[in-house]
Amino acid sequence: MSSRDLILGRVRRALGTPATPDTYDHAVDRGYLREHGHRTAAQTVDLLAENLADYRAIVHRCTGGELAGTLALLLDQRGTRSVVTPPGLPESWLSETDAVRVPDEVTNTPAGLDGVDSVVTACAVAIAETGTIVLDGSPDQGRRRITLIPDHHICVVRVPDQVVSSVPQALERLDPTRPLTWISGPSATSDIELDRVEGVHGPRTLEVVLVGGA
Amino acid sequence: MSGTFVGMPAFPKAAHEAVANTTLRANLKHATHTIRDKRAKAVAELDDWALLREAGKQIKDHTLRHLDTYLVQLEESVTAAGGTVHWAADADEANRIVTRLVQETGESEVVKVKSMATQEIGLNEALEEAGIAAYETDLAELIVQLGHDRPSHILVPAIHRNRGEIRDIFQKKMGSWGRPAPEGLTDTPAELAEAARLHLREKFLRAKVGISGANFMVAETGTLVVVESEGNGRMCLTLPQTLISVVGIEKIVPTWRDLEVFLQTLPRSSTAERMNPYTSTWTGTTDTDGPQTFHLVLLDNGRTDTLADDIGRQALRCIRCSACLNVCPVYERAGGHAYGSVYPGPIGAILSPQLRGTASDIDASLPYASSLCGACYEVCPVAIDIPEVLVHLRERVAQGGPATRQGNKVVLKPAKGHAAERAAMRAARWAFTHPAALTTGQRLASRTRRLHPRTLPGPGRAWSATRDLPAVPAEPFRDWWQRTHGGKETDK
Amino acid sequence: MRVALFLTCVNDTLYPDTGRAVVKLLTRLGVDVDFPLGQTCCGQAHYNTGYRHEAEPLARKFSDVFGDYDAIVTPSGSCGAMVRELYPRMGERARAEGRGDGLATALAPVVPKTYELTEFLVDVLKVTDVGAYYPHTVTYHPTCHGLRSLGLGDRPTQLLRAVRGLELVELPGAQECCGFGGTFAVKNSDVSAAMGADKVRNAESTGADVLCAADNSCLMHLGGTMSRLHTAMRPVHIAEILASTEEEPLS
C-alpha cells in the first residue's frame, strides 16, 4: 500500500462516519469585522502611513508630478549608485536619477544582486491596519529576489486606490496563483530576548512613497 | 548538530534542574513577561478578537472533520500548479524522501527556514548522516545549531539564552561553520543580528536547495504560506533552484479566504505584532521567479492517531503561535527543555504524548506538567482547551483505555508507577461515598492533632520540603455544625 | 429559598473556621443555610488527576445530597467550577462512551444551582456591602478556577472594597497561578514551590498584612509557603473577612 493510501485510510478510520452533514459554508461564523473602525479614504491612508512608520519604514508623501524628483532625492540621499528596476516600472519614475539601472532579468544571480545598492518597485496593495505592502510579481514589481537582496527598497504606493483597510480586504484583491510577498517594515527579529530588533536578512531600509494626486 | 530528546527524564526531574538555574529563570522571566504584555495590547486593538478566535477554531475543526477530502484537493491543486506531492507516514519516511530529493539535485548542502515539522522528524540529523549539511537560517535556530543546543521555545528556540550567551556562542562557533563573527562583537541585539546577517549571507547566495515548513496550505488553490520576520524565509523560498517543504497534514485550510482569520490572529498572538515583517505565499512554481522545482512532503507522524481521539484532536488546531508558552507559569519556571520535545509548553504537553504516545517516562509525565490554571486556553487564538486535553491524557496514563497508535486501535494499560496513586484514589472514593468513614477519619485526625508534624517524611516531602502543613483543627466543621445546629438539617 | 452550604472536604476537615464564617455571614444576611451532612467531596481531585471513573460516583452522590435545594453555595472557586464546568463534561463523556444519558441526567439539576460564595452574594442576594468590618490592609489573589472557569471577575473585590476599615491593595501579577494545582503541588513540587514563592514575594511587596483568596486549597499552599519563609503576612479566606464585624471581629 502506498503511504498516500495508508494516511488517507488512517484519516478516514479516525473520522468515522460524520453524524451530521457539515458543509464548509455553514461551518464558520464569519461575523468578524471586514475592517476595524470607520475612516474616510484619506484617513485610511494616514493610518497606513502611521503603521508603516510604527514598524520603522520611512514614509514619504508626494504627488504624481513630484514622484520622479522624490525618488531621485531618496536615491541620492542614500548614496545609491545602482538601482534594480522591474521591467514594467513606469519610465518616468526614474527619469531624474543618475543611478545606474540594473534591469530585473532572469540571468541576474543572487551574488550579482548583492552588489546593487537599491531597488524601486510599485506594489499590488497596501493594508492600513497592519502597515503592510504586498508585492505580487507584476511587471512593475518584478521577481521576488530583487526586493530581497539589495539592502534598500523603495516601494511606491498609489494612494488612495491601492490602499485597503484590512487583511480581509487585501486578500479579496490578491491573486493566490501569483507569488506574494507581504512586507511590514524592514526585516526584523524577536529572537534575542523576545524583543524586536530591525535589520536582519531582508532590506534593512524600507522607504515607502505614498503618491496621490497629479 | 543539535542535541536530540531521546531518553529524556520525566518532566519533574528535568524541571528540578531548571528551577534551580537562576540564569535560566531570569532569562525566561524577562522574555515571557515582555511578550505577554505586548500580546495583550496587540490583541486588544481588535475588538472582534473573540469572533476571529471562534472562526479560527471553526475553520480548523471543519478542516479536520474532512481532512481526507481536503488533503486530496490540496494534492490536486499543488500538482496542477507544478509541484510534486509526497506522503510520509512517519519521521523515517519523511527523512528518506527529503534525503533522496536532495541527493537527486547533486547538492551536499541545504539552507533551512525554521520549521517545527523538520525538527520534529530530526531531519538535520538524517541529512547529516547522508553527508548533507543543513544550515539553519533563523537567528534563534542558528544560535541553537551553533551552540549544539536544543530548542526550548516554538517561536524563539533560543529563548533560554540571553544576549551575552549568544555573543559568546557566535564568537566561539561561527568560524567553524563559515564566516566568523566580527572582531569585537558586543552583546547589543543589533550587532548580534548583523553578525548573523553576515555569516549567513554567503550561504543564501550560493544555495541551490531550500527546505521549509509552512504555516498554512490552502486546499482550493494549492498555495503554501510562510510567516516570518527576518527575511531568511524569503531567502530560502526564492533563491534556490529546488524547494522542499515538509508540512504536517493538519496545516490545511480549505480556502484562500480563510487566511483572513489566521493572518490577523497569528502575528498578534506570536510576536505581538499587527503583522510580521514578511509573509510569503507561493502556489507551485512560477516561471522565471523562484525555485523551478517544488516538492511538498505531507507528514503524518502521529497526526492521524491524534485525529482519532475526539477530545485530543483539538490539539491539531494549533497554529504554533507560542502564546500558550509565553503565558504559562510552569513553562516560565521549568523552561522548554524539560518538556523533552520540540514542542514545549502547554501545547507540547498535549501534543507530544499524542504524537509519540504515552509509553516513555517523559511522555507519560507531560500531562501532569500543569497546574491547570487555564491561562493557556485563555490566550489560544484557536481556542484549544488545553486543560481539558491534559486531564484527558492524565486519564489515559493513569487508567489506560482506548487509543490509536500507527493507525491501529489499541487498549492501553494503566502506566506503571501509578499503582499506589490508583489505590489511594480508590480508597478516597470509597471514604467519600461513605460519609461515616470520612467522619471517623476526620475525628481521628482532630484527636491526634497535637501529634501531627508540620512536615512530612517519605513521599510527603514533596509537599513539606517547601511548605508547612496546615494545623489540624480541634474539630471538623461537621461536628461543630451538629453541636450547634444539630437536628435542624436533613441528613441524607 | 432552601440554601445548602457545600463546604468542600478540605474546608470541612482543615478549615472549619471558613465554614463557620459562611454560616455567620449568610445568617446575618437573612439566609437560612443548611449543611447536609451527607456531603463529602465533589470529586475534583480524582477527575483532575485522571481518575474520572472514580469521580463519577462522587458526583452522583453530590447530586443526590444537594439536588433538592434551591441554591448550593460553596466557598471554593475550584470546587464550584468542578460542578458547574466539569459535571456537564462528565455527563457528555459517559454519553460519548455509549453509557447512556444516566450520568448527565443525574448531574444536570445541581449544575445551574451551584454558586461560588461571592457569586451568590453579588448575583443572587445582590449585595456588595455585607456590613463587614475588618481594619487591615489586604491584597487579593484571584484563584485560577474562580477567575477563568467561573468568571468571578470583580465580584470578590467589589465585596472587599465595601468592607469598612479594609484597605485593598493591588497584587502584582495577580492573575498568575499560585502553583497549587491539586496533585500538581506534589507531582511537580519544584515548579509548584517556585510559583508559590513568587506569589508570596509579590504579595509581600504590596505591604499588605493579609493575603485574601476565595479558595482555601490555594491558601493552604501559600500559607504553608509563607510560614516556611517566615513571612509576617497571613492567608485569610474571603468568607472570614466578610463575616467579620466590629462586634464580632475575626479572631
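Chains here go by letter, A, B and C, matching the order in which they are written, and residues are numbered from 1 within each.
Keep this in mind: a contact is a pair of C-beta atoms (placed from the backbone, for glycine too) under 8 Å apart; a residue touches a chain by one contact, two chains touch by 3 or more.
Which chain is which protein? Per UniProt: A = Lactate utilization protein C; B = Iron-sulfur cluster-binding protein; C = (Fe-S)-binding protein.
Values in this document were obtained by computation on a predicted structure and should not be read as measured data.
**Student:** So what shape is it, when you link every pair of chains that touch: line, ring, star, complete or other?
**Tutor:** Here the contact pattern is a line, an open path with two ends.
**Student:** If you average all the Cα positions, which chain's own average lands nearest?
**Tutor:** B
**Student:** Can you check how far apart subunit A (Lactate utilization protein C) and subunit C ((Fe-S)-binding protein) are, centre to centre, with Cα atoms defining each centre and the answer in Å?
**Tutor:** About 52 Å separates the centre of subunit A (Lactate utilization protein C) from that of subunit C ((Fe-S)-binding protein).
**Student:** Between subunit A (Lactate utilization protein C) and subunit B, what is the gap in Å from one C-alpha centre to the other?
**Tutor:** 30
**Student:** How big is the gap, in whole Å, between where the Cα atoms of subunit B centre and where those of subunit C ((Fe-S)-binding protein) centre?
**Tutor:** 32
**Student:** List, in ascending order, every residue of subunit C ((Fe-S)-binding protein) touching at least 2 other chains.
**Tutor:** none
**Student:** Can you list the subunit C ((Fe-S)-binding protein) residues touching subunit B in their complex?
**Tutor:** Subunit C ((Fe-S)-binding protein) reaches subunit B through residues 7, 9, 11-17, 19-20, 23, 34-41, 43, 45-55, 57-58, 61, 64-65, 89, 96, 144-145, 148-149, 175-177, 179-197, 220-221, 223-225, 227-228.
**Student:** Name, in rising order, each residue of subunit A (Lactate utilization protein C) that touches subunit B in their complex.
**Tutor:** Listed in rising order, the residues of subunit A (Lactate utilization protein C) that touch subunit B are 2-4, 6-15, 18, 22, 24, 27-33, 36, 51, 55, 106, 110-111, 114, 127, 129-132, 137, 143-145, 148-149, 167-168, 171-172, 176-203.
**Student:** Mind listing the subunit B positions that touch subunit C ((Fe-S)-binding protein) in their complex?
**Tutor:** 11-12, 15-16, 19-20, 25, 310, 329-330, 333-334, 367-375, 377-378, 388, 391, 393-399, 421-422, 425-426, 428-429, 431-433, 435, 438, 442, 445, 454, 459-460, 462-470, 472-473, 475-478, 480-482, 485, 488-492
**Student:** Looking at the complex, which residues from subunit B come into contact with subunit A (Lactate utilization protein C)?
**Tutor:** Answer in residue numbers: 27, 30-32, 34-35, 45-48, 51-52, 54-55, 58-59, 61-62, 65-68, 71-72, 75, 81, 87-89, 93, 137-140, 143, 155-156, 158-159, 162-163, 166, 189-190, 192-194, 196-197, 200-201, 204-206, 218, 221, 223, 229-232, 234-235, 238-239, 249, 254-261, 263-264, 267, 271, 273-283, 286, 288-290, 298, 300, 304-305, 307-308, 326, 404, 407.
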